[in-house]
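Two complexes come next, and they have one chain in common, subunit A, joined by subunit B in the first and subunit C in the second.
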Partner chain A sequence: MEAFAWLGRRVLDWVEVLGRGTVFLARVLAGLPGAAARVRDLVRQIGRVGAESMVLILVSGLFVGMVLGLQGYNMLVRFGAEESLGLAVALALVRELGPVVSALLYAGRAGSALAAEIGLMKTTEQLAAMGMMAVDPLHRVVAPRFLAGIIAVPLLAAMFSAVGVLGGQFVGVGLLGVDDGAFWSQMQAGVDLRDDIANGIVKSVVFGVVVTWISLFQGHDAVPTSEGVSRATTRSVVWSSLAVFGLDFVLTSLMFND
Partner chain B sequence: MTRDRKIEAAVGLFVVIGLAALLMLAVRVGNLTLQTDYGSYRVTARFENIGGLKVRAPVSMSGIRIGQVVGLGFDPETYEAIATLEIDGRFARVPADSSASIFTAGLLGEQYVSISPGVDEEFLAAGDEIGLTQSAMILERLIGRFLFDKASAGDGD
Partner chain C sequence: MPGGAGPLVLVEGLSFQRGSRTVFDSLDISMAKGEITAVLGPSGVGKTTLLKLIGGELRPDRGRVVVGGDEVHRLSRSRLYAMRRRMGVLFQAGALFTDLDVFDNVAFPLREHTRLSEELIRNIVLLKLEAVGLRNARHLWPRELSGGMARRVALARAIALDPEIVLYDEPLAGQDPISAGMLVALMRQLNDSLGLTSIVVTHDVEEIAGIADTMHVLSGGRCIASGPPEEIRGSAEPSVRQFIQGLPDGPVPFHFPGPPIAEDLLGMAAGGPAAAARA
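The block that comes next holds the complex of A and B.
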């Protein structure tokens, strides 16, 4: 009996959080036009979530691309198809690894910071103080961060993929001796602008929305204690990562099913 | 003020690098070609068997890619497969009596449609059908025929 009550309580909690999250998202979306108009604040937020994550993304992308080049070469050379290395590296990056890994890195690097910042603002009653002055903190504080995340994540994913391709080229062409012309021409013949690249960008936009939403919501929904903020930070990364993997599967099966 | 400027410069750099990466993906990786103003036209071809031909497979003439397969259908009356080929407008002078064959790129590569030009003075136009076609080679069928020929040759001796 106790077990059923526990399960029921958990489910109800879940539904409640989901409802609060949706209302939160709706109110933030209503604040987006205002946030877009305050360019200076928006630029500052893009700087924090995007520009400061750039080095991490570039270095990670380079190494992921190099590993792909190495592993792909070892696999392809068995079939005498090492000329296809460029295609394999580019497709893996543009379709999957670029959007997914950059979203995960973004969740760890910027999402956690957003959750902690908003959570601490709530704990120190800054958000409540804004409310007292008839300034909606969701419009003034959360919306610019949300918009900045949506703008930054696709750009980060594109950088990740582009640098990854260069890393793959460095290993494949530079170290393993794949023909440079074949590397690029196979890639260009096999990667479709709409089906692969545009869909990859759509993916990263979705990830940007979801990760930023989860992080900001967790911060805003935090129990206003130091422990509550730390839990919110952890939850933001955990839920963002799960959401990215889950959505990636759904989006992939919707987009690349032919 | 100086701190603001630094942030602005960092964001500017971020956006520029991001857009450059997008551009590189589009042009260098995705082979974005801006010559779409030639348009394209569609012709159909009936095959007895298309083997493993897929939508988006290349259509080539003399080894040059001139278009792609955009649709595969089935005719329930004649039990033939109908492939719709989209040919780039730059290649508008394909003789009407050309023939289409399905070949395989490499031993295990993907299949593509190859068009061998005929001698007609008329050219293929949108909606036309290529009359002469040659079906895909099915490896199993070839092996089967080869074994059968061998066996019957053995009987004769």
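The block that comes next holds the complex of A and C.
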């Protein structure tokens, strides 16, 4: 009975958080036109969440591509199909690893920083001060960061995939001796613009929306103490990562099930 | 000195609960236009909460708050924001925006709510900063300011849009005597020269008694005394005297309520030391 009551409480808590999060999202969305009009602030935010995550994304993408090249070669060479290495690497990156891994890295690098920043602004009453100046902090502070996240994540995913392909080529062609022409031409013939690339972009846009939403909401919903902000930061990464994996499965089954 | 044009802010039958704790229980206070009204009370009595209720940041459980004829908690969001534009708030720690320097902090409300040219905004900001004595600190960042300077910048920002009402949340907490004296003098000077109505919540009785026109003392969720500073200081009411004279024990007990120490140390009432150790 105890356990049942505990479970009920947890479910109710969760529904309540989801409700607050949805209202939060609706108010942020209402602030998007204003955020888009403040070009200078938007560019600055894109720089902070996107450009500052680039080194991490590029280095990670390179290594992931190199590992894909190595593992893919070992697998394909058994069937004498090592010339399809370029196609295998590109599909793995464009469909899955690019959107998923870059969203996870973004959640750890930029999402946690967003949660901490908004949480601290709440703790130091900056958000309340703005509200009392008749400026809605969800429009003025949160909406530009949200829009910046939606713009930055697909770009980061594209860079991740592009660098990953180069990493795969370096290992496959440069070190393991796969034919360069075959590597590129198989990729060109096999990767479909709509089925693969467009679906990959849709995925990363969805991840960008969800991860940025979760991070900003956790910061805004934080208990205004140092412990509260630290918990919010942790929760933003945990929930974002779980959401990315869960949504990736749903989106993959919708997009690639034929 | 007092404008005496009737109440600008009226709090009627206000009740507010936080969790299971009753913060206000049918509180009545009126604050006159043109005056400096001080709301006094020990820490935790709900002074900041009262400011948040007046600014419409929190909703009361019962009762109403009327500002300039408008009932705050019945306003739509846009009308609430319109009311807030007539109101400046000085937060306890200043609440300056840490990603903007002093100049941009003061310019923020002007840029958000007016279409003035940058040149005019610059002039207004410099005048407001001059009023608080920090014109030459305009290039500093909030992290480079002392506590007192941060509050003066926040005050310049609060009066940037020439509000009718300024709310001060514990403006003197943690200030050295020079800085506190400076802030108190500024509050009186700005109130009179700009024709403001000031509402100050504080527990610094001495400093504020020197400039306030009316003082209200809160205790136990109600207003237990109202009147000019001299009257409050001469009050015979024990709760008021304890607070005004800073007596450690009295109607407000020194000890947080709970079982007596004998029970905790010796387990006398709760079935022996073993039971007490578990508690």
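Definition applied: the second predicted complex is superposed on the first by the 258 of 258 C-alpha atoms of A that agree within 3 Å, B and C clash if a C-alpha of one lies under 4 Å from a C-alpha of the other, contacts with A are read in each partner's own complex, and residues count from 1 in each chain.
The definition used in the following text is that contacts are C-beta pairs under 8 Å (C-beta built on N, C-alpha and C of every residue); 3 or more make two chains touch, one makes a residue touch a chain.
Bear in mind the structure is a predicted one, so any value in this text is a computation, not a measurement.
Of the two partner chains, subunit C is the only one touched by A:135; subunit B is not.
Judged by the touch definition given at the top, the superposed model places A:193 against subunit B, while subunit C stays out of reach. When the two complexes are overlaid on their common chain A, residue A:97 makes contact with neither subunit B nor subunit C. After overlaying the two complexes on the shared chain, residue contacts for A:237 are found with neither subunit B nor subunit C. By the touch criterion stated above, A:124 is placed in contact with subunit C alone, subunit B being left untouched. Once chain A of one complex is fitted onto chain A of the other, the partner contacts of A:229 are absent, as it touches neither subunit B nor subunit C. Contact with neither subunit B nor subunit C is seen for A:85 once the two complexes are overlaid on the shared chain.
Here subunit B and subunit C are compared by how many residues of subunit A each touches, and B touches more.
The contact surfaces that subunit B and subunit C form on subunit A in the two complexes do not overlap at any residue. On the subunit A side of its complex with subunit C, the touching residues are 121, 124-126, 128-136, 140. For subunit A in complex with subunit B, the residues that touch the partner chain are 40, 43-44, 46-47, 50-52, 54, 90, 94, 152, 154-156, 158-159, 161-163, 165, 184, 187-189, 191-193, 196-197, 201, 258.
Those residues of subunit B lying in contact with subunit A across their complex are 4, 7-8, 10-11, 13-15, 17-22, 24-26, 28-32, 55-56. Those residues of subunit C whose C-beta lies close enough to touch subunit A in the complex are 55, 57, 81-82, 84-85, 87, 89, 91-93, 95-98, 108-109, 112-113, 154, 157.
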